[in-house]
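Common to both upcoming complexes is chain A, partnered first by chain B, then by chain C.
Right after this comes the complex of A and B.
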């Protein structure tokens, strides 16, 4: 094979590769694009779209969503529940993750496996007995119950991620603080915790997103429409108003957008968090 | 050590509050202080429901027959063993896992192989394949529901262009419903695998490919004899992680079909939900939930084993 032909082959391979990326990329992005197109199409007109490009662009679906449907209320509920459940999980989970990372005690391995197992088992297994318990405790259809339910989703994740972050901080600094007379508690509070701050921020965001995305708990534990989170709110558009594709897509877009923006801002940290074994 | 001798020399060695304080900040009490809040909370929101699930599974709490409450026994478990719906659901869960794992791994590996050496527009190329991951499952379900729509869905419109293929009610036909759901799920979750594959491909030493080029190995041979063997631990981790995700899957199935048509997409998680909140048989639902927990425990143990092996072997990025 001559040198020139080899180079030509390489170029052909590059072009094929670039073509592959474009085709696959367009296919993968299409559902997101299509959500946008339908959300911007006047109500009732998406069925007569004749190409994959929008013809008549309007924001009326978003106006309808916020004026004629309680979308704002649902979004607010989601924000409240996600903030509270993520913050509380972080408050309880950080010290637990620290203990699992630094202290040698009997049963540490078991605690870790249990935490991992709870994170990985289907939430439907928890939600049915939780529903019965909350019915007895009077927590059904309340924000408090909803926050507690989401803590069961977020706390294992927070513990597991916190352990990972503390593992990555060298213990020497705390050792030095202890030689200077710090107690273990103050070494944790004044040395380890500030060092872990960026990690804790990532955990908070991860927990927030997990709660924001949740559908099952929100659907099961809440009945009143005024307490619905956005996830249950927008899913109610399917079936009930099933011909109103445009409104559905506007709602879906509104609900997905904040998380996408957060992701774009924090892309690198989230990706490394995912690699450390705490996916979803 | 310094702190220990310091306080022994100090003025208040036997002072009870001081001792308690030391116990809490230095001794075994510290571990308790650090662990207890989380364990109490987890005990309340996970431990208690699990215990309640076991109790429910021996009881007869069903709103269809309220008078039967308090009938304790193993009847839910014997019903489970001979219930074709339950085992059908297990089979559909298995199919769903198999389909999503196969689809996500091939799509993610393809995308990773295409993009990992991209130099121009690198960030854009990666973002493209990560973006579906940021889309909530609820939104994924709604979007694919609109696209699958039998009358106005864009998928049927696009297929109109292809000869000999006619429009189809993807989610209403028993033959295609599960497959259609798997595609939506794969679209939503393959980026997880994509991230792992990108990291894995980066950890393969470049010299291996250079040596192969000197031996005139073609692209396929390089993939077969270098890339795949080097990625084997990552593939194992990803497969089991995706199995766990596929087994847990709920919102996409529930919102798009609710387990229908006629149970064709009723996986174990959806059956657990429907048994409780449609048939209102909480005891049997709890029994199904326990079965699901047992299955996921097996998966978690598999995950831990694979992770341990990936750590000891040449695990690369994992």
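Right after this comes the complex of A and C.
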């Protein structure tokens, strides 16, 4: 094979590779783009769209969403539930994860397996017993109940993730801190916790996204419209005979933004190499 | 500074005992090295002294205080870890100053002490850097700086040089020795490297399977090992150990090696040998001399291997199945396959009984 032909073959391979990536990217991004297009189309006109580019762009759906619908309240409810449940899951997960990582006690392995087993249950299986339990404790249709429900979703994996992060921090670092004058607790505070920060950020994002996206618990445990989260609110645009697609897509776009913001804020904390230089 | 004592210290993990009633006394200002093969319990002993491992029996004292059961922070000791254990999210200055911060010292005084410690270790220009921006040797210096900054009662070193390259290890070894001289502090150094132990220690504690095999000065340990294990562990190239039975001939007692019963090795007189007593003869490689002519008992061997380190050659000789290593200094090493005469200096022979314990020469009246 001549040099020129080999070069031509390599070029064809590169073009095919780049083409493949573009197609894949389009497939992933197109639904989001289409959501944006419908959200910017005047109410009732999305069915008559004839091209992938909107001919008539308007923000009226967003205005309607915030003036005629309680979207702000729903978003606020989602923010409160997601923030509280992810913070509490983080606190619970890191405490348990740290204990399981550092303290050697009989049955630690069994505890870990049991924690994991709860994660293997589909949410649809536990929502009914949870409903009955919450009804008995008077937690139905309350924000506290929603937060608790979401903690039950997030905490098991948070424990596992936290244990993994603490396992990756050399125990000698805390040993050194204890010799340098720390108690077990202050060694955790000054050394283990700052070093686990990337992991904690990941756990927080996971908790926030899981809670933010939840529809099943939000729909089952909450009845009052004033306590709806945004996920339940979005579903309300679907009526018995028709669906307000433009409003629904505007709500969906608005619903997606806080998660992106949380991720952008927290991702700076998810840095690799936080431990480099500590040990050989 | 303070003396340190282990009294009947034990450590068990479930049914497994890893430290068996260890007794060690370390004087104030002494540099003692714990040495032994992997798994002998030397690091466990050090971690028990630091409070990072709980002892399951016995007592540990630092100065007049029994520290067994005290948390590490209340023992007033400093430790340098094998893997540096630097806080990666803190700068060099923050790392060195961390113990002072925990003592509640003011930032001004802290800065002064940190600068002083950094000056001692040549770290002044690195104070604002993070550990990841330092070389292995510099990181080790930071770890030492964090230890010396607060003037503890005892310094513990857990194999701190084992991650460094050979040249840096020699340099850091010298620096630890100089530091000890300068501070006059009680230091306990753990290593599996017998060269490190011999060059650093005021006294060496040789450990095996959680027991102290011998405690003594480097010279004692090398020249008068308590048993064949200590003799074989200390020294490079290793001591030649020849098992055999003692017989007596016209020239005095001699050893018939089990590996080659055709030869006889002259033994020192003045020791009580039982007839046909099974013993182990220990000869350091530097006490074997190669001769052109064979000696009185006609020892002769063939050169089968030669390791030349420049100034010294370790020559392995085969004496009909019995292999011995001889050290040659400065000479041109013999060629492989060359046959040579061999002389063993009886004055420097070490003899061990069947249990491996050294046979002491009889005191002359």
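As a working rule, the second predicted complex is superposed on the first by the 244 of 280 C-alpha atoms of A that agree within 3 Å, B and C clash if a C-alpha of one lies under 4 Å from a C-alpha of the other, contacts with A are read in each partner's own complex, and residues count from 1 in each chain.
Please note the rule applied: a contact is a pair of C-beta atoms (placed from the backbone, for glycine too) under 8 Å apart; a residue touches a chain by one contact, two chains touch by 3 or more.
From a predicted model like this one, the values you see are computed outputs, not experimental measurements.
Q: Between chain B and chain C, whom does A:170 touch in the aligned arrangement: first, second, both, or neither?
A: The answer is second: A:170 touches chain C but not chain B.
Q: Does chain B (first) or chain C (second) touch A:80, or do both, or does neither?
A: neither
Q: So, A:131: does it touch chain B (first), chain C (second), both, or neither?
A: first
Q: Answer with first, second, both or neither: which of chain B and chain C does A:179 touch in the superposed model?
A: Once the two structures are laid over each other on A, A:179 reaches both partners.
Q: If you tally the residues of chain A touched by each partner, is the higher count for chain B or for chain C?
A: So, of the two partners, B touches more residues of chain A.
Q: Would you sort A:24 into first (chain B), second (chain C), both or neither based on which partner it touches?
A: In the superposition, A:24 contacts chain B only.
Q: With the two structures laid over each other on chain A, which partner does A:266 touch: chain B (first), chain C (second), both, or neither?
A: Neither partner.
Q: Classify the contacts of A:93 with the two partner chains as first (chain B alone), second (chain C alone), both, or neither.
A: So A:93 only meets chain B here.
Q: Quick check on the superposed pair: does A:152 touch chain B, chain C, both, or neither? Answer first, second, both or neither.
A: first
Q: Both chain B and chain C touch chain A; at which residues?
A: Residues 178-179, 181, 183-184, 186, 274-275, 277, 279-280, which sit in both footprints.
Q: Using the touch definition from the top, list the residues of chain A that touch chain C in their complex.
A: 170, 172-173, 175-184, 186, 190-191, 194-195, 273-280
Q: Could you please specify the touching residues of chain C with respect to chain A in the complex?
A: Residue positions touching the partner: 47, 50-52, 71-73, 75, 77-79, 81-89, 98-99, 102-103, 130-134, 136, 139, 146, 163.
Q: Where on chain A does chain B make contact in their complex?
A: It comes out as residues 13, 17, 20-21, 24-25, 28-29, 31-32, 34-35, 38, 46-47, 52, 88, 91-93, 95-96, 98-99, 103, 105, 111, 113, 115-118, 120-133, 148-149, 151-152, 155-156, 159, 178-179, 181, 183-186, 188, 212-213, 215-216, 220, 231, 234-235, 237-238, 245, 248-249, 251-253, 255-256, 259-260, 263-264, 267, 271, 274-275, 277, 279-280.
Q: Given the complex with chain A, which residues does chain B contribute to the contact?
A: 2-3, 6, 22, 24-26, 30-31, 33-35, 37-39, 41-42, 44-46, 48-50, 52-53, 56, 61, 110-111, 114-115, 118, 125, 127-132, 134-147, 149, 151-152, 154, 158, 187, 192, 195-196, 199, 219, 241, 244-245, 247-248, 250-251, 254-255, 268-270, 272-273, 276-277, 282, 285-286, 289-290, 292-293, 296-297, 299-300, 303-304, 307, 317-318
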